[in-house]
Every structure is written in C-alpha cells, then in structure tokens.
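So that you can tell them apart, the chains are marked A, B, C and D in the order they are listed, and the count of residues begins at 1 in each.
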Amino acid sequence: MIIVLKKDATQEEIDHIVEKIEATGLSVLISKGKERTIIGVIGDESLLETVPLEALPGVEKAMPVLKPYKFVSREFKPESTIIEVEGRKIGSEQIQVIAGPCSVETQALLMNCAERVKESGANFLRGGAFKPRTSPYSFQGLGEEGLKYLGKAKEETGLPVVSELMDPRDTELLCEYVDIIQIGARNMQNFRLLTEVGKTGKPVLLKRGLAATVKEWLMSAEYIASQGNTSIILCERGIRTFETATRNTLDLSAIPVLKEETHLPVIVDPSHATGKWDLVAPLAKAAVAVGADGLMIEVHSDPENALCDGAQSLKPDKFADLMEELRAIATAIGRTI
Amino acid sequence: MIIVLKKDATQEEIDHIVEKIEATGLSVLISKGKERTIIGVIGDESLLETVPLEALPGVEKAMPVLKPYKFVSREFKPESTIIEVEGRKIGSEQIQVIAGPCSVETQALLMNCAERVKESGANFLRGGAFKPRTSPYSFQGLGEEGLKYLGKAKEETGLPVVSELMDPRDTELLCEYVDIIQIGARNMQNFRLLTEVGKTGKPVLLKRGLAATVKEWLMSAEYIASQGNTSIILCERGIRTFETATRNTLDLSAIPVLKEETHLPVIVDPSHATGKWDLVAPLAKAAVAVGADGLMIEVHSDPENALCDGAQSLKPDKFADLMEELRAIATAIGRTI
Amino acid sequence: MIIVLKKDATQEEIDHIVEKIEATGLSVLISKGKERTIIGVIGDESLLETVPLEALPGVEKAMPVLKPYKFVSREFKPESTIIEVEGRKIGSEQIQVIAGPCSVETQALLMNCAERVKESGANFLRGGAFKPRTSPYSFQGLGEEGLKYLGKAKEETGLPVVSELMDPRDTELLCEYVDIIQIGARNMQNFRLLTEVGKTGKPVLLKRGLAATVKEWLMSAEYIASQGNTSIILCERGIRTFETATRNTLDLSAIPVLKEETHLPVIVDPSHATGKWDLVAPLAKAAVAVGADGLMIEVHSDPENALCDGAQSLKPDKFADLMEELRAIATAIGRTI
Amino acid sequence: MIIVLKKDATQEEIDHIVEKIEATGLSVLISKGKERTIIGVIGDESLLETVPLEALPGVEKAMPVLKPYKFVSREFKPESTIIEVEGRKIGSEQIQVIAGPCSVETQALLMNCAERVKESGANFLRGGAFKPRTSPYSFQGLGEEGLKYLGKAKEETGLPVVSELMDPRDTELLCEYVDIIQIGARNMQNFRLLTEVGKTGKPVLLKRGLAATVKEWLMSAEYIASQGNTSIILCERGIRTFETATRNTLDLSAIPVLKEETHLPVIVDPSHATGKWDLVAPLAKAAVAVGADGLMIEVHSDPENALCDGAQSLKPDKFADLMEELRAIATAIGRTI
C-alpha cells in the first residue's frame, strides 16, 4: 500500500497514520519528497482491510500495490487450470462449446435440441430450470421438472449439463442433476450463493455481472475458491454501457486481460451479450480468435415459440454452420473445437 | 406495442406476424406508410411476453407503448403512498432520516451511536448484521448477534431499526428484530429474495442496483408488490459510471423521475454513493432540495476504527451539524425534518 | 510517481528502469518489499511524460502521485477565484443565473425573453448563434446575425451575454458581441479551440464533456489557463451513462469534488442534463443546495415553436416561479441569488 | 413518428397536437386503444425536427420510426462501398492494414518504421503531425514539418499516408500531404471540421467518439456525406465504460451492427482501444474474425523512447508476427490481408 499525504500534512498527522498502520503489525517506509510525503507499507496489505486510510487526517489517497485476490491469481498458480468434466477438458487447447435453449420448456423440445447440438459438435448442454427474469410476470422456469428433463437429455445424449442456480436452498437439488453450476450475471455478487457453491466442490460457471470490473469478478471467483473449490469457469457475457444498439457490450478485451491475471479458464456467451441471433456468429468467431477457452450459445429448435429469449437463439441449422466456421478459426490459431 | 417492419417486408411476413399476435388474443391495426408498414397492437401488451417479435422475419423493431409495471405505477395509484412505521410516516411531508453505522460491531458502540443520532433528530437506526463484502476476507457482519444488539438499541432508544437481508434463509430471523428490511444494491435483482420479502408483509427498503435503470428498479419493486406487499421504499445510492472521483455517481435526477412514475416514497443514501464523508453533507442537502422523502446516512462514533466503510461515515458531531443545515433547506421547500 | 514492479522483475530490468528515469534528471528511491519492489520517483512528475513507464520490461504499473494540472488547482491558488463581468461576481456568495433561449431565433423573441428573465432576476443572457447539432439537417443557428441580436438585447437590457464558439475562425467575431465565451460539451477536448480562447483573455464558460472525468475536465481548463487566461467558469451539464430516463445523468457530486480540487467557480446546467423542462426546477434547487456558484437555464417565450430544444425550455412564468424557490434555498444555505 | 399520449390526454390536447403536425404538411393516423391513444405520423419525419413533440401537453413520448441518416445508410445504398486509394481497396475482400507511429518524430524514425511495416505487408502508413493531447504540457506534434516527413516517407515506400486533422484552418495544408484525412475520436462531433472535410472530397477516416452511440457516429458520417463526400471509413477505437483494466472498451459488436446499417467500410484500432501493446494482437485477430475491413495499428521502432503512446506501440518484429497470424485468420474467413 502506498499512502500519499496531503501537501500540508503535519508531523502529528504522519505519526498518527504510522501508529495506525504499525498497530496491524506492518512496518512503514517514509519518503519525504519535494511535493509530497509518501508512506509505503511493507507486508501483507490485507491486514489494512479495517484501517480506513483515506479517512485519516492528512491522507490524500491510498493506492493498493498488490492484487486483492489470491487463489485465483496467476501469480499464485502460474500454470493454466484445466477443468475436466466427463472427459471434456475446459481450459485445454480444445475449445469447449456449451449449447442449448435459454430455458427448458418441454422434454421433447429439449431432447431435439440436445441431439442437434451434439451432432454439430457441442460438448455440453445448457438449459435453464430456474430463470431470473426482470418481470415477475414472465415465465420463471420449470424448476425441478426442468432439471429432470435435463437429466434425461444427458442420459440419452451423453452431454454433461450446465444449469443456473438462483437460490441457496436449491443447491442440493440442482447438484443431483447438473455437472456444472451456473451463477448468473445478476448473482455475481450474491455472496451467500457463491459461498454455497464453493462448498459443493462442483465446477462453477461464473458469469460476469453487468457492471462488474474484471477485478470484482475475480474477487467473486475468490469467494468460491476460498471455500476450497477452484473449479471455476469465468464467462464474459457483456457489460452495461451507454450503447443501446446491442443489449450489452461484449468486452472481448477482458479475455486476454484475464489470461494474464488468472489461471482459470474463460469462455464467452455472445447470445446474452448481443441479444440478437444474427450477431451471435460474428462475435463467436471473434471470441475464438481473441483466445477464449469456450463458448456458451443459445440454440432453440423453434425460436419463434421460445418462452424466453427467442430473439437471441440460433436455429440448429445456423448453429451447425457456425460450428463449421469456428473450426476454421480454431485451426488458424492452432487450437481445435 | 408498435411494430415497425423492414422496408422490404413481404405480405407473407406481415400475415405471419399478425397471425402470431392474434394467437395471443390481441388485435392489430396496420398502417402502411410511404416508407414503412407499422403494426399497432391493441390491448394488454403483457400477453406478447412470449412472442419474440424482433426475431420474426420482416420485423425491424418492436416498441412497447405501455409501462411493464403495474402495482407500483402512479398510473395505477395516483396518490402517494405513505408508509407508517411506529408513528413515523415515510413519504409524508416530514423527511425521514435513517442513521447509524455501516455494520453493527459492539453493543456499546451501537448504543452510543443510536443515542447520538436520536438526539440530533434521526428517525430510524440503521446497522448491518449481514454484510455483503466484495472480498471474502473482509468482515462479514456479526449475524444474529448483531441483530440482537439492534433489538436492544431499539428497546433503549425507541428508534425503529433497518437492516439488510442477504439470504432467503435468514428472512424469519431478521424479521424478529427489524422494522424495515433492506435489500442491498447487489441483490436488487435477486428475484428469490424479492419474492421472499414480498411475502413477509414488512416494509422493504429497496436499494437501486449499480447498473439498474429506473425501469428495472421499478420492476424489482413490482416483484415485491406482486406478492401483495406494497410497503416499499426506494433508495437511490449511486450508479456505476466511468467517473472515479466518487465511488459511484449519485443520480439525483432519478428522484423527480420516480415521483412521476411511481407512488412509492424515495430516499437517498449519499454515504454509499460518494464513499467519502466530506461529500455526504452537500449531497444530503441536494437530496432534500430535489424532493427526496428521506435520507440514509452512515454515522460512526469512531470512524477510524470502523470495521467497514469508515471513510464514508460521519462522526456524530458532524451529523448533528448536518441535521441543522437540512432543517433550513426542508423549511425552504415547505417540508419538515 | 510510484512504479510497482512485477514479482519476477530482474535486477537488469530494475537497472534499466532507473536509468530511463534518471535520464530525465529525476532521482529514485527503491524499496524492496517481500512481495514487490517499488520505485518511487522524486521530483517533478511531468518530466516523465515521454517515458512510457508501463511499456518498460519488469513494470507492472505506474501510479502518478501528483495532479497533472497546475494553474487551475486549489493547491496552486488556495483562495477561490471570483470572475467579475460588468459588476456581476461569479464565484462570490451571490449565485449567478444565466438564462435565455437555446438558440437565437428572431430579435423580437430574444428581446422578449431577455426582458422577462431580467425581471425575474437573471444576471446574464444566454443564446446560441452557432449551434452544434447532431444532425446536419437541423437548424444550425443564425451565425453573425444572431450575435447582432444578442448585442442589441444586451444594449437594451444591460444583461451581459454568453454564447458558444464552435470554430477558431469565429473567435474574433464572437468576441465583439459576447461577454463570456461558451465552449460546448462536444468541444471540451477541441484543444485548438481551447488554446484560441485562452489567448483572448475573455471569460470562458467551459462545459464538461459527456464522457469526461473531472480530471480531464480540469486538464481542458488547464489548456486555457496555460495561455494566461484563468477567467474560467466550469459548467456541469450531465454525463453519459446507461440510464435513459433522462438525456444525461447530472453529476452533482462533481460540484463539491471540484470545490476541493480547483479555485475556479462552478455552475450547473440542468436543462441540457435532463432534456425535460419539468425536471429543471428540482435539479436547479439541488444544484444550489449542493454548492454551485450559478445556474444556466433555458427559457423560451414559446417553447412549442422553438427551433431547438423546446422540450427542455421553461416558459418565462415558470422561470419566475423557480427564481422564487431558489431564493429560499439560497437563503437557507447562507447565500443570495 | 409514433406519438403515445398520456392516459388522461383531453380531446383539446389531441386536436392541438394534430394541428401542430399537420402544419408541417404531414398527415396523421389516430388510433384510440383501451389504454392509450396513439398518433401515427405519415411521411417524412425530418419535417418534425422543429416540433418539440414531447413538450406538447398530453404527450407521453414520441418514438421515431425512421433512421435519422440517409446517405450513409444501407437502405439508401444496399451495395457496400469500396474506397480506392492508390490501388488499395478499402471495403473489399482484402483487409487493409494501416500501420505506423502514433506521432511523427524524426524523418529517420518514420522512414525506418515505414519500411518495416511495408515489408510485413501494411498497406498504409499512419503518423500524427497534429496531436490532440489531454495535457497542454505534452508533445503536440511537429505540425507542417511532420507532414513533410510523411510526404517523403510516401515517396520512398509508396505507402499512402493517413494523418489527423484537428483544426479547420489546417485543412488545405494537410490535404497537400495526406491521402486519407483522419478525424479523431475527440473531434467526432466537431461539426465544423466534419463539414470542412466533407468539402475536400478526400477519403476521411472517422473515428468513433468515446461516448458516441452507433447512431450518433453515423450522423457524424452523414455530416460529411451531406457535403457530397461519401468516401468515409469508420474506425472503432473503443468506448468509455466503467472498466479500467483497459484504457477503453473495444466494442467489436459494433462491426456487424454497422455492416447492417451502413454501406461504408469499417476498420478497428486495437492500439488506442486497449492502450497496452500486449493486448493489440489478440484484439486485432478478433477484429478480423468479426468482419472488420481493416486495422489501424501503432508500430514504433523504439517504443521506449516514443514521444507519445509508447505503451501501446508494437515493435516492428511483433508487428511482422501479428501479420502472419492475421493472414491465417483472414484465410479462415475467406478473405485476404
């Protein structure tokens, strides 16, 4: 931690600041420049957590030097993490594709979709049983029934299943049926839910919150990791900006930034980011080119009659075409799909 | 709903769109202009919920005409809602002030703070027992013990208590001790939690999410209202923007906007919005001038040793001064405090 | 400047960094912590301008300690600047009100408006002769003719005039007619224009850019000041955020932040910020309460027929009412209007 | 234009609104629904420009149906525009690469850089002679001398030259030396400058403003086009968001959105978007994959000593490597580079 003092900070103020810091067991290094006095703190910054440095008289600003996360940082674990789920390796040179409908609607529709995406080369099946919807009057998902349909679809196709958890009270139930627990964007800072999935030990797909910085996102991953569960897949799905031409603004720069900061695999969801099916293909291609470890894509056999997010779902034929195109790009960058 | 068609929409496409709409029981009005054909939908727009209009061939865009919320809208209930809690009327001409520490730390500190803010004219005591913290390594609150301290402080001072709920599993416990349940910014779209507090019937203080539009905020209030609980207090606490000079950007324009859109009372939290104690007073004064029904202000007897958010807490003396200043402004606009 | 090195920075890299810094004439202080080595630079940071510190091998991040602006900072000049224009003192305890139509349309309309706002207590007349419009097909202002109308209106009412400059080639012409040169939000970083108005020595009203941080805004003021002209009035007029309920988000927190950072007077334009006339009054009141030194308000005698921004213009009667309300708030905070 | 009336709009108000619209020569279609009366306007919406619809009594909101731009829209010109500059075709299946230093510093450095980027396959040379800098104390460019160096570099390498125009007074001078005039992000809404370059007839590279929506960006292109110059290249360079991990947030979704909306070619500048040289390569690859017609990349032979933006400049070797990688991706999507 570097503490920059105000120009007119008094010796008494400096002494008081030093005293507060030393009370935590840390030591300081004081550098008196021409313009400013600066106090450097030596040692574990997290001990300063409870010292409101910027509220102390004489302090202009406090600038952290170290990262606030540990277990998820690449500094802590330099080699990339590969998460294996039923033989599929997320984070390996093979790009993993998770596909399926936004929400589970009927067994027949789900099964049809699962078979079609499997044929085209998808590695995982997605489908929401519990749906977070902006309006209380929208379809909220089938709940346990939906989970059963997912279980059945897995049985028949062999595709492992990804589905969202919204409520800590459903954790056990969800774990019976799914292979990867999804935490949605709106729950990225639902800290109780994070702690809960951290305890399960199951792989977790953690979507980025609409207004979350990369740093906050990694802190949410750290919540899960701090419970001993480091099987975490980060999923970029667009952030909220002033632009309204797309539903959200897909932040593809975050992928190489994360690759430097963390050892965890990172995937991209172009369907939720754009909200429009015809933008999904170009952004999926860009995601592969930028270095994502996987994709999460909404596919629906009959988007016009989808109970949720039909406008952003690809038809199975379009998805098959896209997989072909992605294959070419994966090859161009020395990966497979 | 107004549906604008693409310039080259075919008659077949138009027929198909009309068919989809009429299948919901609604009727249409087609207007063929020189540049565009437009389809107007007559009747309850919410029936179109499951028709992905923008995914239908021939559609350029669909523009909703009506508001997506009902129970919380001023159109539904023109007169302003006043929520009465132990004789205090939130939404009345008397501006209500909720004050207290960010988190409950010790019984003594809380009691001291409660007494001091009461003396200065605060109407409610705030204090967090369950704390949502960005880092898993930060102080997470005292839990039930903290609630007990709050109960005790209420007993002694008579100040009704506001405290945050983070987990549906704590609802019953929290309700034993608090008079107003707070839903924090990070949980504004935790729909399960909203449904849960909707069922309690207790007054709910709903903070605005960091990236939530006014419309989405009202939809979250509608979640609570749809359970039969319309004792909802909206609390503006800053939104996330590109500006980093303050922690968040307090959106005071939202207050008069909400006053038009909804009958619910609206209060402002300048402490969390700015993150700096010396900005709290000017923004509290602005909040009263702009028409807020109340304020939520962090006060701590010893900010330097606060376990959380010390930098944004006022000392009791500063709070007393502020209350004086607010009184003058309230008088100037014909209200009391 | 504080330079944080990467965990694995080599001695060779450190030597190279130090060499680059010392080449500018500055000296360094190296502190080897347990986790990181940190290099502190002693002396004038602006000399490091041309050293791309973050591009040097071994550097993790470089954190400036000092402010990048000088002449406009309160550190440089602690007492608040008062700008006097024909007896009116901007930045004094008397709040100054600039009112008038968005654009100058006819001599008669302008005269009528000028008289009405003067009667209600406005101190300055505003009116655009050169109008920056998003569309090339919108009314672009009357140009020189408009300036003449402004000159005439000043002659008759005695109100000094504020009008916008868009093109360096119009500087001389504009200066003949106006008392304060306005630089619009879209030109806040039109550095040539800033340099040009810096040379005139006339008071400049510098609007904040839609996406400008407080720091960048002050840097633009520094451009003007660096030409020897420190008669600069800052004008907050809303920033661009995700919220669409108002045209922009008025950032009232910026007012107390600026009061700390700079000695320059700060005013607020609630008309452009909100884009809706019925939001102007509450936000004008909030602006006074938060500590603004003045207001810029659009008034039009016949908003329904305004050639520009009619939706956000107050009628003269409403403006008169607002002035009454503002007077009460000014009194409450110990100022006049 | 669709005008939604307030629930309680009176017949008198409706008559008044209709009268205002019909006065412009347009006709209306009134639809009285159960919840709302809606007025549809038939004909050219731009005639409503001067009617402040939302300020008329009884109006809740006015929703435009048509696009505000004409000449730049794909609706107006369905086939994609190809801009030919000395045999290079921007907007063709061959991706064009503009490379070179941020600012022109010395003839020798520029020449070296020009030769190196040409060798690696760049099609154009970039280099700033007039530099918009946030600080008045930063290097502002060599001006005319810089332009001469660019002219010389073109002479020797045959690479056509792109350079930025900041001031309408420099237009003629710049046109002597450059093949494509660049309008920088900060000047995207400098309408005088747009009009000026529209008159030159020279190809214009129009960067997106930091806070500009796609719609506003196209309106700025329309300014140029309305002067008869449709040789416009759009350049995405990142928008301002809350995220600070990168300098700006590169909005790659804008590329396919623009491909639908406009016939103009679109390129991407990953150097300014990210601000970090090690993020340039992954985002350049993503830009090609998403469908950009070209790239603008900063290359400097000696980034450590660059007078501007050294941190985001690639060394010539890295640029050569990148071109190889881009070639593979271009091939994968059926284009060349």
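Keep in mind that, in the parts below, a contact is a pair of C-beta atoms (placed from the backbone, for glycine too) under 8 Å apart; a residue touches a chain by one contact, two chains touch by 3 or more.
Because the structure is predicted, anything quoted here is derived from the model rather than measured.
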{"item": "Most distant chain from subunit C, judged by the mean position of its C-alpha atoms", "value": "A"}
{"item": "Where subunit C and subunit D are represented by their mean Cα positions, the distance between them in whole Å", "value": "26"}
{"item": "Distance from subunit D to subunit A - Cα centre to Cα centre, in angstrom", "value": "31"}
{"item": "Computed distance of Cα centres, subunit C from subunit A, in Å", "value": "39"}
{"item": "Shared interface positions of subunit B, touching two or more other chains", "value": "211, 240-242, 244"}
{"item": "Topology of the chain contact graph, where touching chains are joined (line, ring, star, complete, other)", "value": "complete"}
{"item": "For the subunit C and subunit D complex, residues of the former touching the latter", "value": "20, 46, 49-56, 68, 132-139, 166-169, 186-187, 189-192, 195, 209-211, 216, 219, 222-223, 226, 240, 276-277, 303-311, 313"}
{"item": "Residues of subunit D defined as touching subunit A within the complex", "value": "211, 213-215, 239, 241-246, 249-257, 260, 273-274, 278-279, 282-283, 285-291, 325, 328-329, 331-333"}
{"item": "Residues of subunit C that touch subunit A when the two form their complex", "value": "2, 4, 7, 29, 31, 33-36, 38, 40, 42-44, 63, 65-66, 75, 240-242, 244"}
